[in-house]
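Both of the next two complexes hold subunit A, though its partner changes from subunit B to subunit C.
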Partner chain A sequence: MIKLIEKIEGEAKLNFNFKDGKIDFVDVEFMSTRNIENILRGKRAFDALVINPRVCGICGHAHLIATVQALESCYDNLQLSNKAKAIRELTLNFELIQNHFKWFYLTMFPFFGHKQQILKATYPTQLMSKAIAVFGGQYPHTSYAVVGGVVCEITQMDIIKVENYISQTLKFVEENLVKIDSKTLLACKDADALLEFSGDLPDILREIKNTDMINHAKSYDRFIAFGENSFFKKGKSLKKKVSHSISLKDVKETEMPTSFAKNVSYKEKYYEVGPLARAMVNKTALIVDAHKKYGDSLYSRILARAYEITELLNYSKKLIKNLDLAEPSYIEPQLDISKLTSSGYSAVEAARGTLIHKVEIEKGIIKNYEIITPTQWNLSGGTREKLGVSQKAMVGLSDIKTAELVFKSFDVCSICTTH
Partner chain B sequence: MKSNSLFNKLSSRLDELSNLPKLDDEVSISKLVEEKGFSRREFMTWAGAMTSMLMLPASFTPLVAKAAELADRLPLVWLHMAECTGCSESLLRTATPSIDSLIFDYISLEYHETLMAAAGWQAEQNLENAIEKYKGRYILMVEGGIPHGQSDYFLTIGAHGKTGEQSAKEASANAAAIFAIGTCSSFGGVQAAAPNPTNATALSNVTDRPVINVPGCPPSESNIVGTLLHFILYGTLPALDVYNRPKWAYGLRIHDACERRGRFDAGEFVEEFGDEGAKNGFCLYKVGCKGPYTFNNCSKQKFNQGTSWPVQAGHGCMGCSEPDFWDKMGIVHEPLGDRLYHTTFGGLGADATADKIGVGILTVTAIGIAAHAAISLVKKPKE
Partner chain C sequence: MKTKMKILWLSAISCNGNTHSFLNYPYMEQFLDDFEFIYHPVIDSKYLLQDIVSKQIACDILLIEGAISKEYKRADVSIVEIIEKYSKIVQKIVTVGTCATFGGIFRESGYENASGLHFDQEKKLEDFKYLLDKTISLSGCPIHPEILANTLYAIKKSATLRLDNFLRPKEFYAYTVHNGCTRNEYFEYKVDNHKFGELEGCMYYEHGCQAPFTHGSCNKILWNEVSSKTRVGLPCMGCTEPSFPRQNLFSTKKNMSIPESLPVGVNKRVYLTLAGITKAFKIDRLEKKLFDD
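And then the complex of A and B:
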């Protein structure tokens, strides 16, 4: 049976194969492409800063940050102020936060017998988008990060605005998502204690726990995260064992004959990326506890993504406190881009997981550009012998609706995937 | 009085509309807005802002309010083509969770792939039903460029694997009005940048019906809503510029109403990001602002509910509402003047020319602006 999945960003076609009433194999196929990598070839390197955010209107900011970092990695001794670093981190955090809200209220909510909560999705989303706009001028599709720093010269007034947006969003979380003081939530280390609270998140988690859904959506229990910043760590987690020494050299992208998307593997194996992966690598106590109790199930995946909202909001507050406005926003690179022949790469944690950009420049002109998006990791369509992460999570289920829920719990985005 | 006759014309148009059946008899937009906790006063404030944006006198506010309430007489079909969903983001999500998005949510749920609760076969059925049921009455908004001709297979939509080009053609055939939302469906957009691997093109190239372009990458939420309200109010297509853009929104250059315009006139320029000029909000022309060549109302409307816009953040305009800006408005951090006359002066560019050769005949705005920027530098040497 073929089922078309929409209401992810863009479309994907899932072809379910049943055997004895259970899903035995799922073919994942993407049906469109724009071929952005091809467009980038031959363009001036800095043009990528304008083109790449347009790879995706949903996580375009992650693409901007990945682009600027990839270009910067082409230079030797490029200087970047702490202020610029922190501002870039802040805006990326805000994008992650607003994305998680949309996913939770627009995509997940309807599966649990609730109506889509458009206003609950748009209110915090709008606050976070405004916070990005204060630094970047607009959201989506800002290009405020440039090689050498950021262009915005923020003032104390801007800081006050952003702090207000953050506290309003936190307030929304405390009044809706988990109805408890966010400090208490952040201190909570027991995944079951969370079920005692009221709020939209505990409601859904209780529902999962009280049905057999708790056993659903288990995959390989292999996680990976390459994006590194002052909050996220780089590493992989294999059956709870975390190692931080991983290299992008072992990441491989392969073409698929039937789909416009490409497969991605690490050392020939498929890994899950996203908030659950990040939390496992970061050893976030609450999520590790959920994983210990319920494995890499639907429960852990939903909890990890929603919990990241509070974590990032709280961390962003700290980042802002430590901002030193006297530092420069931009430090001019010593070498003009037109004299640069080099190659570089970057890895950034986007809302849906690790995003990788690789670039080769010849005298300031892009010779080659490669983008590996988070959804490519999670949705790599394997064969029957070697299932992809999301495929494995769906195999064994008996009804398509649950399979769709499981599929969407990865927060898939086909726009990025078929860039 | 002139405005009186317009007022009467719009009033009778709205009266006609109010006789049409509603989408749902049980629900009205004014009730919906009230239920979501907006007071009448807030609604009227919003209508007032919309009125001024549409360049109508304040006395028209009640009409605009009425037009918004009548939005449910004209269902909206929103199609996604090859794109990044940024325009829907701009409208439905990053916009105010307020009156704009409420109205859009309510009237556009007929077919909007990103938001729609139905999926797969059912969704496709919904679209076909909507087109049939509201034949000749619905407003079509299309987001995204359209892979065209031999390359149309780069985008297939729906469970039947229809190509995007087919869907767009069919939906256009029976629409009351067609709006291309965003630069992609207006002019092809990012995927149409050289070498245009998927042969993406504008909506106006795949249908023979008139298409109103609302470009921008993304267009501001107010331009999208304004376009809709304008159609409800007038029932006719708005006054358009040469690229079929509504003049009320795209009639002026970014430069004309720019908050940094005074700096430009005074010859105060940012020479490099992060310099003293950048800290003082000087003009961004020399670091690549394309505001003087770009027609849009960003400098007045801004983005994210008026929070900010690129020039305010210190970046400079990229010309995203102009055709083929990817290829024609580059280089991103350099003034266009450097490139326009690239060949004429041995690759020195207009700015360099002005500095080194002296200013010739300044007939073209572009060269005039470039020269102004250059001269100002000569007059104000760096300390």
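And then the complex of A and C:
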């Protein structure tokens, strides 16, 4: 049976095959692409900073950060101030947070017998957009991160504004998502203790726990995260064993005959990316406990994404506190890009997981550009013999509605997938 | 119960940037009391996309986001067919964003003749000519949420909007992005040594800022109610214009050291005369750091 899954930043067609009343295979098809990589070819390298945020309306900022880092990796000895690095991390955090709120209140909520909570999604989202706009001028679609730093100079008043947006967002979390003060939440290491609290997140988690949904959506229990920064670690987690020595050289992208999306694997195996993967690699106590109790299930996946909101808000406060305003925002590169022939790559943690950009430039002109998006990892459409991560999570379910919930629990982005 | 105006939000070849920009509209609660989406890419609606393409659902306003090509399909139906069907029954059509208006970035997406609804960059198209009277263009990559929401309110009130040659409401597009930029003085007095990462300086002379010749209200109606690209020090990329995206966006193209694109309505002679005068003076306050003692 074919079902068109809608409102995932576009659509995907899922072809469900049933055997004995249970899903035994799902074919995932994306129907269109916008050929961003072709659009970039032949353009000036810096123009990618303007074009690439337009890959995606909800995670375009991650594409900007990935672009600027890929371009910077083309230079030898490029200087970047700690201030610029921290500001970039902050704005990317804010994008992740706005995404998670939208996913929770617009996409997940309706699956649990509630109406979509539009205002609960837009209120904190707007605060985070404002925080990005203080540095980047606007959200979405700023290009404020340029090779050598960021274009903005920030003042004490900017810092105060951003701190207030963060505090107000934390307050929203404490009054809605999990109704306890965030310090208590961040100190919580027991996934079951969380169920004692009230709030929109515990409500959903209780519902999952009290039904057989708790066993749903398990996949390979293989996680990977390449995007390293001062908060996220790079590494993979295999049956709870975390290793930090992974190389992008082992990441392979392959064409698929039936879909515009391309498969992505690490050492020929499919891995899950996203907040759950990041938390496993980072060994975040609460999420590791959820995983220990409930595996890589719907429960752990939803908890990991929602919990990341509080973690990132809290960590962003620290980043701001440590900013040294005396440092330069921008250090002009020694070499003019028009004289540069080189190649480079980057990996950043976008809302949905590892995002990889690769670029080749010849005298400042883009010769080749490749983008691997998080949803490609999670939705790689495997064969029956070698299922993709989301496919495996859906196999064994008995109804399509639940399968749609499981599929969307990966926070699918259709437009990014095919880009 | 008051009747809500019904809107179909139809995405064509897009990034959903306008969709997400719209979610930043501060008065969403009120908006959703006044309008109803029969379909929206993110917000729940009464109908599925499959209903929209297979039936004809009652609708007052058609919003189009993204570049248009008959090759591009939604739920297996060509976007052109969907537009044709709904354009007949709606009061107004609004092209939201630069792709739907002029083709924008996804004009280059490889789909056959991808363009805006009525314009392929500056060129007027024949295809939907009969809809010209119904259409309002809201260019911008993305659209500013307030510009979209308030245009929809104007339609609801049946207010007469004066439009420019590209069907854009003059109230938003008669201004240039330069109007209201906090870096204006550096432009006026031609302090041309701008560097990134500073509060001071104007990006027009070296760094490709298109604000003086780009129509829009970015510095009048601030983004996210907070700031704008040029205020933070990022050049205006001209994203509301038919030519978006131009090439070499971070660099000012010059002929004999005169910027190739001059401010709207300012000819070369006027520009040179003014430049000559301002260059004869040195204004210490603008040469120094803004916060210097």
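Criterion: the second predicted complex is superposed on the first by the 419 of 419 C-alpha atoms of A that agree within 3 Å, B and C clash if a C-alpha of one lies under 4 Å from a C-alpha of the other, contacts with A are read in each partner's own complex, and residues count from 1 in each chain.
Simple rule for what comes next: a contact is a pair of C-beta atoms (placed from the backbone, for glycine too) under 8 Å apart; a residue touches a chain by one contact, two chains touch by 3 or more.
Treat the numbers as computed from the prediction; the structure is a model and nothing was measured.
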| item | value |
| --- | --- |
| Partners on subunit A (subunit B, subunit C) - clash or fit | clash |
| Contacts of A:329 with subunit B and subunit C, given as first, second, both or neither | both |
| Which of subunit B and subunit C A:126 touches, first, second, both or neither | both |
| Contacts of A:188 with subunit B and subunit C, given as first, second, both or neither | neither |
| First, second, both or neither for A:162, with subunit B first and subunit C second | neither |
| Partner chain(s) touched by A:251 [first = subunit B, second = subunit C, both, neither] | neither |
| Common interface positions of subunit A, toward subunit B and toward subunit C | 4, 6-7, 9-11, 31-32, 34-35, 38-39, 43-44, 46-47, 49-51, 54-58, 60, 102, 106, 110, 116, 118-119, 121-122, 125-126, 129-130, 132-144, 146, 148-149, 151-153, 328-330, 332, 415 |
| Complex interface listing, subunit C residues touching subunit A | 11, 13-21, 23-26, 28-29, 32, 41-44, 48-50, 72-75, 105-106, 108-110, 141-142, 195-199, 218, 223-234, 237, 239, 245, 247-251, 291 |
| Subunit A to subunit C touching residues, read off their complex | 4, 6-7, 9-11, 31-32, 34-35, 38-39, 43-44, 46-47, 49-51, 54-58, 60, 84, 102, 106, 110, 115-116, 118-119, 121-122, 125-126, 129-130, 132-144, 146, 148-153, 155, 161, 328-330, 332, 415 |
| Interfacial residue positions of subunit A with respect to subunit B in the complex | 2-7, 9-11, 13, 31-36, 38-39, 42-44, 46-47, 49-51, 54-58, 60, 98, 102, 106, 110, 116, 118-119, 121-123, 125-126, 129-130, 132-144, 146, 148-149, 151-153, 260, 328-332, 404, 415 |
| Subunit B residues touching subunit A - in the complex, by the definition given at the top | 36, 80, 82-90, 92-97, 101, 105, 113-117, 119-121, 123-124, 147, 154-159, 161, 164, 189-191, 193-198, 200, 217-218, 272-274, 278-279, 281, 302-305, 307-315, 318, 320, 326, 330-333 |
